[in-house]
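Attaching a single structure in structure tokens format; questions to follow.
Should a chain be cited, it is by its letter among A, B, C, D, E and F, assigned in written order, with residues numbered from 1 in that chain.
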Amino acid sequence: MTERMERGLEKLRKIDGEAGERVIESLADVSPDLARYTIEYPFGDIYERPGLSLRDREIATIAALTAMGNATPQLKVHIQAGLNVGLTEEEIKEVIIQMSVYAGFPSALNGMQAAKEVFATTE
Amino acid sequence: MTERMERGLEKLRKIDGEAGERVIESLADVSPDLARYTIEYPFGDIYERPGLSLRDREIATIAALTAMGNATPQLKVHIQAGLNVGLTEEEIKEVIIQMSVYAGFPSALNGMQAAKEVFATTE
Amino acid sequence: MTERMERGLEKLRKIDGEAGERVIESLADVSPDLARYTIEYPFGDIYERPGLSLRDREIATIAALTAMGNATPQLKVHIQAGLNVGLTEEEIKEVIIQMSVYAGFPSALNGMQAAKEVFATTE
Amino acid sequence: MTERMERGLEKLRKIDGEAGERVIESLADVSPDLARYTIEYPFGDIYERPGLSLRDREIATIAALTAMGNATPQLKVHIQAGLNVGLTEEEIKEVIIQMSVYAGFPSALNGMQAAKEVFATTE
Amino acid sequence: MTERMERGLEKLRKIDGEAGERVIESLADVSPDLARYTIEYPFGDIYERPGLSLRDREIATIAALTAMGNATPQLKVHIQAGLNVGLTEEEIKEVIIQMSVYAGFPSALNGMQAAKEVFATTE
Amino acid sequence: MTERMERGLEKLRKIDGEAGERVIESLADVSPDLARYTIEYPFGDIYERPGLSLRDREIATIAALTAMGNATPQLKVHIQAGLNVGLTEEEIKEVIIQMSVYAGFPSALNGMQAAKEVFATTE
């Protein structure tokens, strides 16, 4: 196991928690290589960088995935991740509401629906 | 002028500065109504909300517009807006680099090019 | 309740019917603010405008949501809304078929599948 | 020349006017086949269909291209086409404003900029 | 039945197999015209062209649908189609992994999930 | 310089040629880190993989970037890259034409325009 991989796996566990591990597990049979890249580059390289807090990074990710509107499973993982690294439910909802301005109301409505489902599992 | 409009105009000036005013002016002849909505809803309603700082809101907007990749003029306005409300150039670059993970390298590369152009005008 | 809100709620009921009310209700616990904005801006401001008939407006919305291809729940609401404001099933199908030209066959095929499901509930 | 091709070329001229012919000409050296398909399928097959007026069809196309936000040259051709088949400037602006609801303000702002440029050439 | 239609239907059967026929059947009641266009243009015109092998064409289609991320049913049909025309499971996975570079990790992860589901039905 | 970086730089030069080097240079002042990631992950990791030829990989990339329609500079780099690794102009045009099916005619038309510009510089 490379050092990037070790570092990435630790970061993945810290940020995404169990949801992240499930993503990696579900790739184990079909593409362990994609699992490895998903750990190495996003988590081993990018989330490791010092210039922005994990809380700020999750604001960016939740915003982007809500706006793109075509990656609901990943949006849910990162709504949970946002909670894990210190965002409150209210702050996550603010980010999603704001996306109505940049990507339209459907993106915001579908993002809020994803948040509702994630929040329900944490109560 | 409605109270939302006044409040929005003040917020627009604070966040987007001159670039925001230019957007509104360029709409003056073709669609003053769209100019008004652009002031009222994003700035009078959303950026006015207390649940998230303007710095956090600009992280979200820069992330989303970089990821979407089809709104370069607005991305530039918000890179400048990010600087206006307290993000550093380094932090803005972190957000853009992170988008390579969620929207691919072309989005990040084109976002960085937009940032380079905005930063050049502020030096 | 503001005047925009009242006006928007009336318009929402007229255009989207029960489906629109369900959207608002499903937001009641997670984000009443997003519910309010969804009523105020799209319905209280935009669909209220006199320059285009509701029938024409639903052609535009069905076209856009079919082309974007990432907002199936909202597309279904607006296919029903199209029927509510006077579009025929045949006209809605024409709009969806036309989107194969601008957004490709997958968008048109998935839009038609959504239409099929909505039409089935109205028979 | 096939019958679809002849029918399509006639329709293209009627709807898109000179702008449509320029698109076809610019493809003449690099890909006459793509030029032919562009005439045959959209114009020879789809715009020929009787179930929706050309005015309604251009509402759908302007809406979709504004919302997608990544096809400015084609959006401009169809804003001109909208005028050619009976939409007024005011109606076209209504469609574009409405897209702020479904695809966000940047799409509407960039669509309005395209409209402003097309309208300037017709005055 | 036109000659394009016959030719397209034959090609559709060869490439997409049963999955393609199910798409056409599911359109039979709601829009036989869209079914016809889906056969005529993509299969009767494009996949018939001699300049690229069917294997190469499916690489292109799987890449595009994975990157777009909003057309899962069609992506699955074309993952199966790729197998039908000679791509191996390993090659299809390579194309999907590569999309992480151009459209981000969520697109690649969701594409790989689609591949996993298709591969499971063929074993 | 890491071994991934060296390997990636060599691959980048082989595939993208001068255009790739210009991308890296233009990042040198604003974000050498993004330049490094662009070399390491796409070129050092992905294009290095043995499971698919470089020719096949460029078919996938040209298809995806044409379909996405929001990354013209990168599409041009990869049209040139396609030529560098053995695709003919005719094969590249086939890929672009095929995208009309999956992402609509505007994507194909804008992709062909990009190809026309790249081909003009190589003659």
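By definition in this document, a residue touches a chain if its C-beta (ideal position, glycine included) is under 8 Å from a C-beta of that chain, and two chains touch if they have at least 3 such contacts.
Keep in mind the model is a prediction, meaning the values are calculated, not measured.
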Given subunit C and subunit D, the chains that contact each of them: A, B, E, F
So subunit A and subunit C: same face meeting same face, with over half the numbers shared, or different? different
Between A-D and D-E, the pair joined by more C-beta contacts: A-D
In terms of residue-numbered contact pairs, which of B-E, A-B or B-C coincides with C-D for over half of them? A-B
Top of the farthest list for subunit D, CA-centroid basis, is A
Nearest whole angstrom, what separates the Cα centre of subunit E from the Cα centre of subunit F? 23
In angstrom, rounded to a whole number, how far apart do the mean CA points of subunit A and subunit E lie? 29
Got the subunit A residues that touch at least 2 other chains? 33, 37, 41-42, 49, 65, 67-71, 74, 93, 97, 99-103, 105-107
In the complex formed with subunit F, which residues of subunit A make contact? 33, 37, 41, 45, 49
Which residues, counting only subunit B, touch subunit E once they are in their complex? 67, 99-107
Subunit C residues touching subunit A - in the complex, by the definition given at the top: 23, 26-27, 29-31, 33-34, 37-38, 41-42, 65, 68-71, 73-74
Subunit F residues within the subunit E interface of the complex: 41-42, 46, 49, 51-52, 56-57, 59-68, 71, 74, 90-91, 93-95, 97-103
Listed in rising order, subunit C residues that touch subunit E in their complex are 68-70, 93, 96-97, 100, 104-110, 112-113, 115-116, 119
